[in-house]
Amino acid sequence: MSVIERATRKGAMALTAGTKAALFVIVIGAICRLLGPSVDWLVSWPDALVLPITEWVGLGVGWVLDVFKPIARFFSYLLNFPMSWASFVLGETPWPLVIGMVTALGWYLGGLRMALLGALGLGFVLLSGYWAEGMNTLALVAVSVPLALLSGLAIGVLAYEKPRVKNAVNVVLDVMQTVPTFAYLTPLLVLFGFGPVVGLIASAIYAAPPMARNVLLGLERVDDEVREAAVMSGATRRQQLFLVEIPSATTQIMVGVNQCLMAALSMVIIAAVIGGFDDIGWEVLLTMRKAQFGQSFLAGLVVVIFAIIIDRMSGKLAEPREKHSPKVVWSILAIAVASAIAFSLTGWNSSDVRAFDGVADAVDSGVGAFTASNGATLDALKNNAMFYGLLPLRIGLSDAVLPFTWGFKWTLTHTLMLYGVAVAIAGLLTWRGKPTAGLTTLIFVGMVEVGIAQLAWPFVLAGAGALGWVAGGQKLARFAVVLLVFILLTGLWERALLSLYLSGAAVFACAVVGGALGLWAAVSRTAWAILRPMCDLLQTIPLFVFLIPVLMFFQIGEFSAFLAICMYAVVPMIRYTRHGLVSAPEEIIEAARASGAGKWQEMFEIRGPYAAPTILLGLNQTILYAFAMLVIAALIGTTGLGQSIYLALGKADVGLGLTAGAAMAILALVADRLVQGFAEERRKALGL
Amino acid sequence: MTSENSTAPAISVEGLWQVFGENTQTALREALDAVDQTAIAETLVGRGLIPAVRDANFEVRKGELFVIMGLSGSGKSTLIRCISRLLEPTAGAVHIDGEDILQADEKRLIDLRRNKLGMVFQHFGLFPHMTVTDNVAFPLKMQGASKKVRVARAAEVLEMVGLEGREDAYPRQLSGGQRQRVGIARSLAVNPDIWFLDEPFSALDPLIRRQLQDEFLHIQATLKKSIVFITHDIAEALKLADRIAIMKDGEIVQIGTPEEIVLRPVNDYVAEFSKDVPKGRHACVESVMLEAIPENMPDDPGLRVGMTLDMALAKCMSLYEPVPVHDAAGKLVGAVNPADLAAALQVDEV
Amino acid sequence: MKTLIKTGVSALAVAAMSTGFAAAADMGAKDEPIKLAINEWTGQHVTTHVAAGMLREAGYEVEFVTAGMLNQFQAIADGDIHATLEIWSSNVSDQYAGLKDAGKLEELSDLGLNAREGIAYPAHVADLCPGLPAWEALKDCAMNFATAETLPMGRLVDYPADWGTPGADRMTGLELPFKAVPAGSEGALIAELRASTEKKSPLLITFWQPHWAMSAYDVKFVDLPAGEDACFSDPAWGPNPNAINDCDFAASRIFKAGWPGMKDKWPAAHEILVNYTLAVEDQQPMMGAVDVDGKGVEEVVAAWMAANEGKWKPVVDAATK
């Protein structure tokens, strides 16, 4: 308690919001820590206070589903038509024609580079033997994307036209993006009936928000004068919107189209869990089940190729483009028709080729051989990470420090010593005028001593509330606390803490590693040349495929899940850090250089602070990615909310699925809002 | 169509207020009880509201070029948006050709904009996705004109602003000056009676700015529109205006001809503006003419009523013989004709 | 493998006999395709393709629909899928029971696949824990199976959480010092087996047969006290007098289910599917041929059907002739 006294004495001049919040958290934390061992309800929320929300949700949704089932069934009946047309067209068109058309489109959009990308990419798909499955996946995307685009456009325009509903719309979009798809697959299945339509709608739900957000952003960014010029030209509201504002926002909307395509593609794979369509996702799942890493990686690569082609080509749509000779387009198409005829005469069947099976098998056995020869190293790596990193974080030093791992037993003396050192550090920092940093250190030490999974709920609520208060004032604090209380009431608190621990550990690791890599990429061109394609690959490959090598090397368990999450979630951290550091305005940099700043001084004194809001946004993305991956990582075998969602999917338990999904979304949303609050504050401080 | 009063001024603005914030109408109504304007404004600010335009009153006569001048944040852009009803004023009345446009419904407003009003914007406000022709023809399209008519009329106005040959270019391919020519052409496409120009030349380089000002004057000389022109540049205001309104903190502090503004500023604020203005260019001899005519006037340089001070000075100087010029040591090095001195100080007028 | 096939002949013959031959039935709407579910695992593919072969032989059109094991029941109730041919009693959702009780789904008798679930280990693990396969051996070598997450107990890789926790129940029942870690998916289980085999590392896992991995990784079952009914209700039964579940798994039932309308729409097909059985000895080699040798399911099943007409033809003939 001496810290508080000293801090208050020193802070008598002026306690900053951060210091006050940290003090508050410490007081609550200290009370919980002291009383926790004797007062049970402080650590685990009493069962008597758990509301049967899961059942309520189950019943409520069940009732709603019954009401809307006929409409939904009719809708899926309607959707079946475009679905079967798309798969008929894509499936029955001879492959040379498809490749030819994509190549021609590539040429038209981006010249030789794009044409080559199309030809080589689809050539790879053809030779991999997954052509038919690939076309089925594309058919799914071809129907779900227009659906997502249209609804995204409608939502975006609605939010723009009716500012009153804008906040509500934003919340809905957040929910659509953060509730894991698996959580609502079952209700969708009941509602729309079995078949590809469910996957289609699931992917549309996931893919519509980026479109809506970009439409809204684009419309809001339309130059005021352009808007006014339309008004002064005597345009009606509808004419203004459709003739001027939407076309003016095209560039931003195209960014939305691009993101929408990518999201739909990634979700189509996940929706394959339901089945009903012989697509690439199903193929990935099948090979995953057999632990055929090479094959499943190969199938995953097919999706990556689609993603890259779609990404690059739709990305070109957003840029003004130069003209490419239409003659080339026609000649490419002519060649395609000719070879289509030639191949149909010879009766050559692409699915027999499977040219890369050898490679896949080699990769497969390579992974096996590597595991066999490095088993000891891999195990040591995993065990060390578990013993000295993840376990203490989860169950706290007091439980994780055991004689045969750390060499001694943790006793009360150790606890006291640890807190003593922490208090000393906090005191020192306070004395040097950084009370907030000191108190935060103390809080972190306390968290590691207790373990995230065993944190007392009042402490978590106080922490979230305090962070919210500092980042965005009372409103944000209330938002965070109310939502977390909801999790408490559902009885999913313990699982939520486990999820929090795993994603927290992963986010922390990503922040450190991703930040360092981003910094490296910012100072070295070569580094970025190496990192960039890796980032692209990691972001476009189906999430499932991450699990494969990780599982092989480290088997089932938290460490594997941790690694899989990190691999996926580190990407935005790298990208945003680099982008933030690189994009400091030239004038500021010149001013710094003129003042005689060296390379690293420039990096840390000028670029760093300038990049802070951008880096925080990267962190925000990393958090959202980590939560998204958490659900997938449950396939490796983690406890926590992800597992609950799978359990619910397996048992077709709509209530549990949606509630666990909501809990997951709440964690993600709260984290998202907190970080955004800090980013906003930094931005304002910099006057950006 | 409502009745048009041919004797009415083109635009008349009475007691116009624009207050930003929440529940502004009630707040303003309550605040208006106060004695003077400053007190009203203070009441409003005290309630967290922003009075951007305070009790504006003025008239723009038919064919008059009326300039509203003020620094950024003085409320001039808000004022022009109230007149064109891009913003809904909080209180007051705006009549255009005698018609109260604040009472006009949506349909009437669209009608007015399609036929009677034109506007040019500071940053051009061009539609980025349309070609030059499509931009210029857009108001005609809104009128429902056929494509043929639109293209023909667009070509006509584009020629007027000197942009023939760039019809198919996109705004991003044009220079700033060219873009504003498109903006001007677009605002003239429907041949409006009332022309609003919101700092049309502020975003341009000085050289281009002057060129466009001159062309603007030329166009106005032929078209004789009733114009509200916004600028923050006193030199521009003095060069173009028939009359100038000076705004400060949302208030119109003085309305007058350029000469009145320069020579008889109502307060220090206006005086500060005209301090650096070469008065010789804007004031006429009448402004320094003596009341009583002296008996003995040996020289007559030929001064006439309406002559600027600069011109008058040059005329007087021309009566002098050349005078000597010495170096630092006092040695005679040359001679100067006083008439040349006056001419050198004068800026060329077009 | 050849020996397996040989023994299989007699097994299936017996099975076919015992179901008895019913009278020939009406073909029904034979121009409309019968949709069979294809689930996520190879054994089911084999089972389904054999059934498809039989239906085609009878003159029906068959379509395959890929469907998640757990998600297919709603589809069957809706008539989007007409039959699924390999349901494991150990892995059936509550939804199945609900739909069956509501009469929206018809259970079509047992497949006759003699399945076994149990606590298993790859053969090399016997060296790391002498005394295996006797279950008592596990008491003393639990530490050999310990990992960071389970210390000081040994680690048992259990089924994915949504399949239940049979492994954990056994460990509690038998008071074995093992902590069950749920795998997230079948792929995770296989990865464990594969990694253990390649690294020669210890592994105790909940597993089942028929499964291709049983032979691919030479997996053995631990001998546990037989799983009699009493074991699951009476604590006094078995080695641990204080607990239930102190025994091996109860025998799994593998059965078929279909859309209730099938009986009227395609009577003969319904009869074929009801009477269809397949033995482990037949299924397992076919699975091996697909998963280990990399052959196509169609190809393998066609070859088997050609070579073993006696095992399935009688069922088809009984329903159609």
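Just so it is clear, A, B and C label the chains in written order, and each chain counts residues from 1 on its own.
By our rule, contacts are C-beta pairs under 8 Å (C-beta built on N, C-alpha and C of every residue); 3 or more make two chains touch, one makes a residue touch a chain.
None of these values were measured; they are calculated from a predicted model.
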Checklist line | Pair sharing more residue contacts (C-beta pairs) when A-C is set against A-B | finding: A-C
Checklist line | Per Cα centroids, the chain farthest from chain A | finding: B
Check: Distance from the CA centroid of chain B to that of chain C, rounded to the nearest Å?
Finding: 87
Next item on the list: Provide the C-alpha centroid distance between chain A and chain C, rounded to the nearest whole angstrom.
Entry: 36
Checklist line | Computed distance of Cα centres, chain B from chain A, in Å | finding: 54
Item checked: Contact footprint of chain B on chain A as seen in their complex -> 223, 225-226, 228-236, 239, 243-244, 247-248, 250, 320
Margin query: Residue numbers of chain B touching chain A in their complex, please.
Written below: 81, 84, 86, 110-115, 117-119, 121-130, 138-139, 142-143, 172, 183, 186-187, 196
Notebook entry, point to check: Which part of chain A faces chain C closely enough to touch in the complex?
Noted result: 185-186, 189-190, 193-195, 273-278, 282, 285-286, 288-291, 357, 368-369, 371-372, 375, 379, 382-383, 386-387, 391, 402, 404-405, 547-548, 551-553, 555-559, 633-639, 643, 646-647, 649-653
Notebook entry, point to check: For chain C, which residues are in contact with chain A within the complex?
Noted result: 38-42, 65-68, 70-75, 78, 80-81, 93-95, 147-149, 151-152, 157, 160-163, 181-188, 190-195, 198-201, 212, 291, 294
